[in-house]
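Below is one structure, written out as structure tokens; comments come after it.
Note that the chains take the letters A, B, C and D in the order they are written out, and that residue 1 is the start of every chain.
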Amino acid sequence: MVETDRSSGPSTARLEAFSDGVLAIAITLLILEIRVPEVQPGGSLARSLWDLWPKYATFAVSFVTIGIMWVNHHALFDRVVRIDRRLMFLNLLLLGAICFLPFPTAVLGDYVTDPTQGHIAAALYGINMLAVGIGFLALWRHLLTHPELRAHDFEDEHVRAGLRRTIVGPIVYCVAIGLAFLSAPAALVLFAVLAVYFAVGRISRTRA
Amino acid sequence: MVETDRSSGPSTARLEAFSDGVLAIAITLLILEIRVPEVQPGGSLARSLWDLWPKYATFAVSFVTIGIMWVNHHALFDRVVRIDRRLMFLNLLLLGAICFLPFPTAVLGDYVTDPTQGHIAAALYGINMLAVGIGFLALWRHLLTHPELRAHDFEDEHVRAGLRRTIVGPIVYCVAIGLAFLSAPAALVLFAVLAVYFAVGRISRTRA
Amino acid sequence: MVETDRSSGPSTARLEAFSDGVLAIAITLLILEIRVPEVQPGGSLARSLWDLWPKYATFAVSFVTIGIMWVNHHALFDRVVRIDRRLMFLNLLLLGAICFLPFPTAVLGDYVTDPTQGHIAAALYGINMLAVGIGFLALWRHLLTHPELRAHDFEDEHVRAGLRRTIVGPIVYCVAIGLAFLSAPAALVLFAVLAVYFAVGRISRTRA
Amino acid sequence: MVETDRSSGPSTARLEAFSDGVLAIAITLLILEIRVPEVQPGGSLARSLWDLWPKYATFAVSFVTIGIMWVNHHALFDRVVRIDRRLMFLNLLLLGAICFLPFPTAVLGDYVTDPTQGHIAAALYGINMLAVGIGFLALWRHLLTHPELRAHDFEDEHVRAGLRRTIVGPIVYCVAIGLAFLSAPAALVLFAVLAVYFAVGRISRTRA
């Protein structure tokens, strides 16, 4: 029946456009968490701006990470030709986890250098990243068990390869959460290394 | 005359793209209402973050709900082939009600656990949801009385089925507003149940 | 030469998409200017929410007005087939004036009921609206003197009709600025009436 | 192999749409940095609004500058037919630099008239602009050394001409950073002149 068929969910193109919009906004909102410092009389703006370095660092890490998420999201949906409601709902949960990122980013930027509270801030950041990774895993797994949603040249082995690549993220973020309780700055460095690794690793793979 | 015809309103594609943009932004702005907690000397960030649970809960409920609104909006306009000015204006009012949601979401997140003020906060949230539901009803009703705007295989009975499904929302949100005056947390639970119900119910219907 | 030709500016489709994006964001950001009220001990959230009515009123007026601007913007660019740099630059100035609107909206929402400061707040709002109206006039005028940018069935008389319709806005907003110095609430009522008039007037014209 | 090929990066169209979205949001967020002034008892809103002129000025300069960046970004990607991962990553860094702009804009708006702190604020703004310019240079340079990414009528000489035009930006922003340490307001004037020059200069070139 036409009506049921049509109501079965939005087209791939529109879901991708909506997801692109949400990701573009989430990545841009990050800057709003860096507020203009108020310089005390006798103080120095240069010093105040310098002291904000954890905010710049977390901005940069989250920006690159969401950018990579956008690429991965695209790489996945590029091979999807049909969308069922469950895929749409899983995608919505994934977008929700990504949209949440500006909050842990701001918390980490404020507390990473705090010797007592930094651990929790870094762990929160890692937990959010873990949730995003699990969201991607859930999408890939749904595609594995629903071949009818995939382009016909996108075979089981490709999906399994995607799953294997995707599972790296949650594993390393579990490690990062553990590291957060040893040292918050070290966890931030690991988050940065992971962002660059995922970005550059993908570049290398493509060029090979 | 060409000019009158062209000035009769934007194309379906552009109205949908504009609506998609507005919904994508409204859903993403929700996170801005969760502010980094300031930990008092001797306090604990972990405890402060934990105390923000009503903010996370209202974020999650509003996120899923706006996501479902996006799906419903798309399902409706997917069957519209022409747009008149009244449809455009009704759509604008609907978008306005949805764009307002971050405010009641923030109010509910701040006051849901307040034993005296929580009722009003939950009622405000329900009223906003009711307004959104009425907005959808108005769109469906306009389509019922204006068959010339619909795809030719989208018949009166389909529109009436859409109207019947759509009327469930306003009714349950009226109940929720009443419940708000008994218990704000209970109303929040109902809002969450409704979001999941609408999302999963649609999934089941599609799979059946 | 290919290069010069291509560098002469973005395509109509991309300029429209960019403008749509900017308008969709500007309209959605309006809600951020309504902050959750802090209820004093012994105070009432219901009363605090009620006292925010000027914020709701200015939100509604600006939302509908930007929505109408979007329709007008689309109606204009729908008949443009080529874009030169000056049109692009005039469009950028127009978008700048529209993006500025959340600020006067917030100022008016905060001060409209202030008997001494309200006049300035209402005048500022009117001046911003006037600037937007002049921006539209400049676009129409550029199209009048550059027929090579227009669709071939979009003739001088149509552009002149568009100019005549567009000039109504700046004139009434000049009146509103004058009224602001007599009564800020009266000016707000006029802004609301104008928004509804433009929206409904366009509906009537289409149905006639 | 199909899978490797597809995973080599998003299509030009989708990268452009994502970049457009990010730029449209960054340009619109600028207004959020202008906050409603609080008038002290006995004070004047007119005077408070007047005193915000540095915020309006920096808003205008950044708005026009990001607008020109959008045009330049489009002019570049208009001639790109394939995207490799490195181009995507360089584009992400460029977008990151542009998304950062609301922060220096807000800092400059708050401190440009401060005789001791203004220098740093203006220098920060110039450094951000310099970073954006270098980002554009990196994109052009990558295109120069990777002809396989370009449209076939987009030859080496065109890319070199683009590089030469693009290098003007970083050079003048270096001058502006130096000027910032002499006079912050003078540097702001230079930023404004540059924005108008780039916009109008491009218009003249097109008309010639």
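Methods note: a contact is a pair of C-beta atoms (placed from the backbone, for glycine too) under 8 Å apart; a residue touches a chain by one contact, two chains touch by 3 or more.
Worth saying up front: this structure is predicted, and the values here are computed from it rather than measured.
Overlaying chain A onto chain D using CA atoms gives a rotation of 90 degrees, to the nearest 5.
In summary, the pair chain B and chain C forms a contact in which the copies contribute largely different residue numbers, shared numbers making up under half of all those used. Our note on geometry: chain B versus chain C, Cα centroid distance of 25 Å, whole angstroms. One finds 35 Å separating the Cα centroids of chain B and chain D. The multi-chain contact residues of chain B, meaning those touching 2 or more other chains, are 17, 21, 25, 29, 32. Taken pairwise by the contact criterion, the protein chains form one closed cycle in which every chain touches exactly two others. Taken together, the chains touch in the following pairs: A-B, A-D, B-C, C-D. Residues 16-17, 20-21, 23-25, 27-32, 34, 36, 39, 44-46, 49, 59-60, 63-64, 67, 70-71, 74-75, 78-79, 153-154, 158, 161, 199-200, 202-203, 205-207 of chain C are the ones touching chain B in the complex.
Within the complex, the chain B residues that touch chain C are 2-4, 6-10, 14, 17-18, 21-22, 25-26, 29, 32-33, 84-86, 88-89, 92, 95-96, 99-100, 102-103, 106-107, 110-111, 114, 117, 120-121, 124.
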